[in-house]
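In order of appearance the chains are A, B and C, and numbering begins at 1 in each one.
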Amino acid sequence: MRREPIGAGGAGGASRLAAWRAPLAWLACLLLLAAGMAWLEPLFRWFQPDTRQVIYPHADFLTLLGRHLLVVGVAALLAVVIGVGAAVLVTRPAGRDFLPLVAQAASMGQTFPPVAVLALAVPVLGFGTWPIIVALLLYGLLPIVRNTLAGLQGIDPSVLEAARGMGMGGVQQLLQVELPLAVPVILAGIRTSVTINIATAALGATVGASNLGAPIISGIVNGNTAYVLQGALLIGLLALAVDSAFERLQRRWISSGIG
Amino acid sequence: MRREAPPPNRVVTALMLAAAMAWLALPSVSVAPNRIVPGTPFHAHEIVGWAGALVGCLPWLAMVALAWRPTPTRYRIVLGFAVLLLAALPAWLAGVAALRMDPSMPQARLGIGAAVWLLLFLLGLVLIELRGRLALPRIAVWLLLAPVVLAWWLASSHGLEALALVQEYRGRSDQFAAAVIQHLRLVGGAVGASLVLGAGLALSMRRHAGLERLGFAVLNFLQTIPSLALFGLLLAPLAWLAANVGWLNALGVRGVGWAPAFLALLGYSLLPMVRNTFVALEGVSPQVLESARGMGMSRAQVFLQVRLPLALPVVIEGVRITTVQAIGLTAVAALIGAGGLGTFIFQGLGQAAMDLVLLGALPILAMALVADGLLGALARRLDPRQSPSAGQEATS
Amino acid sequence: MIELIEVTKRFGSETAVDRLSLRVEKGELCALVGTSGCGKSTTLRMINRLIEHSEGEIHLEGRQVREFDEQTLRRRIGYVIQSTGLFPHWTVARNIGLVPRLLKWPAPRIRERVEELMALLGLPLESFADKYPHQLSGGQAQRVGVARALAADPDILLMDEPFGALDPITRESLQAELRDLQSRLHKTIVFVTHDMDEALALADRLVVMRAGRIVQQGTPLALLREPADDFVASLLGGDDRGLKEAAIIRVAERMQPLSPRLLPRARVHRDATLRQALAVMFREHADRLAVVDDEDMAVGELSLRRLVESRREA
């Protein structure tokens, strides 16, 4: 779908910053809103005229945002390390026996709804932050494994043969040829994984996590639309900021690396 | 001349060694006197003694032995073992229930332990591995799983009445049926509406490039917003509409309930639907289209006889993705009172009743898998390049 | 009979075909050759109106193509392209029966016609009728493409690099088949190719194009002997031209009656080309060859000296 001319960006610092305009704008909106929610009290009062409390009181929004980011970030980091690692392992000669199983399981696992995975993680792992991180990690692994496999296997075999023919070793070939060529596809997998996890982490509020999902759940339970809106706006902005940052990354990689 | 012995199947070996360890080291069941109190875990050796537990290791080790020098016949035997064990697990649970449960305590509940979950998971992986090794058709796997499902279903009414999941179901079988129907209705409605709307949108996008850019921008944007947030954001405007527009209120539109759920589901469903329909229609080879025109087909003939049939498998693929996604999102919609199986999940989480969570989550999982399987099979059937009758003898 | 009069095609500001006039007689195989981008494909596709010409007139059997209904016109003209354009979701038989079905022939007649064409193109019915295009080799697929173009028995056939994607051996055998078909069916064929050997081997008339114009046209021999300019000469093989010419002349056309001299040991078949004969001479260190028939009986002889001299006279 992307029709932007490739490699059009100049090398100047200003234009490089301009390229990051969209994610930075979303990030600024997010931080401003999280920090200044209290100032919007009159607006929310208009929504919820009969309620005494219209700003979510149990925690500071910046703290909620921080916790949300922490959970998603830790899960994503682990998922990238484990997911890319596993995909690399099963595409090496030593691990190739496991390739069909891992590929099949990763694509089948994506059929599982994330809510169901989160719900199933609770009986097994219990309530709290770590169970949520583990659930997010497990689910977030799938798109990363799948895309890394697709990226590595999608490389033109003649390129690999050339790399071997030039006398590259296995590690050199992996680090200098295979992974760089697979990066756009891997990035797309990480993007999917993180997007889903931001949404699923919010559901973690129903199992006792205190993050941006908490105002929404609390608002629904107490019939306070203002709480719901506050949580929903912040999560929406967070998702957009992260997503547009990934989009930028993907484009930059394509225009600088391969285009 | 001696034939070279085949190398060991390391996948089956690793999985089944893990299974044997899980069997010994993790609790098979937990028994609780009532719904509230957390259960006491029991390991296999605590139920049948160490001798019995070690005997229970034998089938796993037998599979390891068979996979050490694998032949197609041995793979088939391993497959038979795996199916047999999947079907034997409920019998094992029923046996434990008979041994460990006090009949004088009708409130007592049997929970499925980590070992049994893990064994189910590992056996599932073995099935996937063997299906690949033996190149079995998908339908064979479904047929193999039928006796397993039957065994679990039979056990639920004969010997496993104490299973907590069964008890949760007994308590609300009517609610359960209603929830399943509501879930299916929401998914069906959203997918159906998005198919009609999405096809229309994709067709008009093909005419107007501006609409294409705008449409994908909006739909991508929508898809990025987390479901919980979108449900929340729809709450306020719909509540206002319900309060101020009479006929909408009469229709049953409220800030909470099916209306915001349906709208959000529709919004999420449109992107995969439009994208696949659009890509499918645009992706038909230009050479094929040119030769269709060159042969003297009219525009309508080219569209109906060439473009559409060639696009159809990809469109169905879009329906598959959309349906699987909608099944999961509908579960979240329970939070805003839309009903469906998600209700049990969130009730269960609220009451710390994990078996109620399972009662919601397991059917959702099953629904997603079945929808995925059926629609995937349909897409493959419609694709001449993959249909079984066409075979795989393409020459270059 | 096809006639193009002062035909011009512009795409935006670019002129792809520039005041081109060309007449293709009934039953003639006319090959359009030239480097890529010279407008040969565009010219071809203007004939069945896949591309509309900007100026000039294109006549088909005396009527302007614009007067025809587009679809009726195309159903009367067979069309074969390099990538075959077979419909991947239809079987071979259904693909071949496409145009007759569009023309609403009765089903039994379509079936009969499909069987006839499959036999004509050497595609055994029982093993191919129900196959899908992706199960065919490149050569088989292109045979189906030709069968599909011939299905409604059109008088005119347009072929756009039909054998361009095939390996040399398959290409040569399909070229031979096309030559054979043409000697029986006498269609009017316009054939686009950039393979000069293919054009020389098949064409009754060669049309060399460059930048949207015709540089030279005539029989292959005429062009080989008298290229209008350096471009045509180099397109036709530069210094190899002589050999190319030898490759389209049969030994039988140039052999002399047996002379009383001792028959040379080296021999060549009467249906071989002069080029092959020259190769035999070179290999056998001989300047005379015995020409033999199918029974290996000498029917004439060929001398290098006479060959070179006759070339000079011609």
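Convention: contacts are C-beta pairs under 8 Å (C-beta built on N, C-alpha and C of every residue); 3 or more make two chains touch, one makes a residue touch a chain.
Since we're looking at a predicted model, the values are computed, not measured.
Engineer: Would you mind telling me which chain pair, B-C or A-B, is linked by more contacting C-beta pairs?
Structural biologist: Of B-C and A-B, it is A-B that has more C-beta pairs in contact.
Engineer: Give the label of the chain whose average Cα location is farthest from that of subunit A.
Structural biologist: C
Engineer: Where the centres are mean C-alpha positions, what is the separation of subunit A from subunit C, in Å?
Structural biologist: 59
Engineer: Provide the C-alpha centroid distance between subunit B and subunit C, rounded to the nearest whole angstrom.
Structural biologist: Chain centroid spacing, subunit B to subunit C, equals 57 Å.
Engineer: What whole-Å value do you get for the distance between subunit A and subunit B if each is reduced to the mean of its CA atoms?
Structural biologist: Roughly 22 Å separates the two chain centres.
Engineer: Residues of subunit B touching subunit A in their complex?
Structural biologist: Residues in contact with subunit A: 9-11, 114, 117, 125, 128-129, 132, 216, 221, 224-233, 235-236, 239, 255-256, 324-325, 327-329, 331-332, 335-336, 342, 345-346, 348-350, 352, 354-355, 357-358, 360-361, 364-365, 368-369, 372.
Engineer: Okay, in this complex, where on subunit B does subunit C touch?
Structural biologist: 285, 287-288, 290-298, 301, 306, 309-310, 384-385, 390-391, 393-396
Engineer: For the complex, give me every residue of subunit A touching subunit B.
Structural biologist: Residues of subunit A touching subunit B: 1, 47, 97-98, 100-101, 104-105, 108, 111-116, 119-120, 122-124, 127, 195, 198-199, 202-203, 206-207, 213, 216-217, 219-220, 225, 228-229, 231-233, 235-236, 239-240, 243.
Engineer: Can you list the residues on subunit C that touch subunit B in the complex?
Structural biologist: 48, 50, 70-76, 79, 81, 83-90, 98-99, 102, 132, 134-138, 148, 158
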